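Please find one structure pasted underneath; my questions will follow.
Note that the chains take the letters A, B, C and D in the order they are written out, and that residue 1 is the start of every chain.
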Amino acid sequence: MDRERVVEWLEGGSVSIPKVLLKHYADIGLNEIEFLTLLHIHESIGSGNPFPTPIEISNRMSIDGTACSEVLRSLMKRGFLAIEQQDVSMMICEKYSLRPLWQKLASLMFETVHEEEQQQREQSET
Amino acid sequence: MDRERVVEWLEGGSVSIPKVLLKHYADIGLNEIEFLTLLHIHESIGSGNPFPTPIEISNRMSIDGTACSEVLRSLMKRGFLAIEQQDVSMMICEKYSLRPLWQKLASLMFETVHEEEQQQREQSET
Amino acid sequence: MDRERVVEWLEGGSVSIPKVLLKHYADIGLNEIEFLTLLHIHESIGSGNPFPTPIEISNRMSIDGTACSEVLRSLMKRGFLAIEQQDVSMMICEKYSLRPLWQKLASLMFETVHEEEQQQREQSET
Amino acid sequence: MDRERVVEWLEGGSVSIPKVLLKHYADIGLNEIEFLTLLHIHESIGSGNPFPTPIEISNRMSIDGTACSEVLRSLMKRGFLAIEQQDVSMMICEKYSLRPLWQKLASLMFETVHEEEQQQREQSET
């Protein structure tokens, strides 16, 4: 019995977060509730439910569905989350896309590089 | 341009392997080609293609499609891999299931525990 | 240059969270700030810094060092986090242990199983 | 007892492999035994043993220590693996570095991009 439960956990697997995101979510302007909301959506997409409802998301969180709707709205408005349309067997469905999040992260990284380069240049000039 | 490529990698994400599987795949009777074949299937299921062809799998490997078919047949015969049927919008589709793999892994773990317990009992008795 | 940065990200790697923890952190009594504090400690241990300071942790978060100290104290008091001592080349060092977190998670899982079994038993009896 | 074992698995955690590496290890010239040898080293570094012996590595594989030494030699010669020296409390220790692997992977990615761009340019010119 317990063995069957362990099999379920192994089958369930893990979610991977790039360390660069874990270390820099605050730098790109996310607080903990917003970051975890995006992570729940990321997991949900990977599990075949690409458009979870605010209630489904908030059931795993310390906030309720109304607060979760507010967080989702704010994330979309500030450019961390988008809704896309997809065709599934002749029906048009909506799904979340985290591409804006990855774009912000990549931008931060490249900016950081350029700032460091510029600082090094300025230091070597003086 | 390069930034767009980095966004794709971040969006692509990672595959997680439980350390207990990485450490014990040989103990449950898998060689490297067989273990990676299962890992490619695991990744393919998570990416929404639950029944990749031998050609699709072998394209990522150092073996060809014929050899891959042979590996898949052997994995199913020896109880590491199964094919299940699922209903997708009125059509019956086939998909791979790795549940047999996780079951073998869980069994190994519980056996190891019991052997260790038995050894401790025998040692404390003498 | 950008290529070198990408190499660093690849080398940095990812942190894996078992889906069972992501789905149930709220069920074992953690809010988002507490869960991410534990996750930052988890990442820090894996990166060879097993006893990060509240300032180091809070630098990656939306809270400051004082608030982070308070969160750490509360997590230890409520049994999610522990401090252990280890010998490193003749010096005694302190390090965090997340074992209490994993124990709470495992307990939740086994309780859930037993509750479900009991419910099934009661349903089959009536 | 079984619960304690489950706690150990959860504590052990998972290893993350970027999907881009899983999909392209063959494209950068690795076979399955070589790729898994690198993965075992990756896991070992993350677990605080940055210079595992060929015997330690081969114990988890279907090959023996002599064959594993041969694989390690070949990986270093072909530029997938390097040995670095580090100072640990006044002693000089050796450790493996996978940086060459990530560099090869990043190179492949950027080449692929440039080839695709060139193809598109050639197509738009004709």
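Here is the rule we go by: a residue touches a chain if its C-beta (ideal position, glycine included) is under 8 Å from a C-beta of that chain, and two chains touch if they have at least 3 such contacts.
What you see is a predicted model, and the numbers here were worked out from it, not measured in a lab.
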item	value
Pair sharing more residue contacts (C-beta pairs) when A-D is set against C-D	C-D
Recurring contact interface, reference B-D, options B-C, A-C or A-B [over half identical by residue number]	A-C
Rounded Å distance, subunit C centre to subunit D centre (Cα mean)	27
Geometric centre distance via CA averages, subunit C-subunit A, whole Å	19
Where subunit B touches two or more other chains at once, by residue number	2, 6, 9, 13-16, 18, 109-110
Overall pattern in which the protein chains touch one another (line/ring/star/complete/other)	complete
Subunit C residues touching subunit B - in the complex, by the definition given at the top	2, 6, 9, 13-14, 16
Touch list for subunit C against partner subunit D, complex	3, 6-7, 10-11, 13-16, 18, 21, 46, 48, 89, 98-99, 102-103, 105-107, 109-110
Touch list for subunit B against partner subunit D, complex	1-2, 5, 9, 12-20, 22-26, 30-33, 35-36, 39-40, 43, 47, 60-62, 109-110, 113, 117
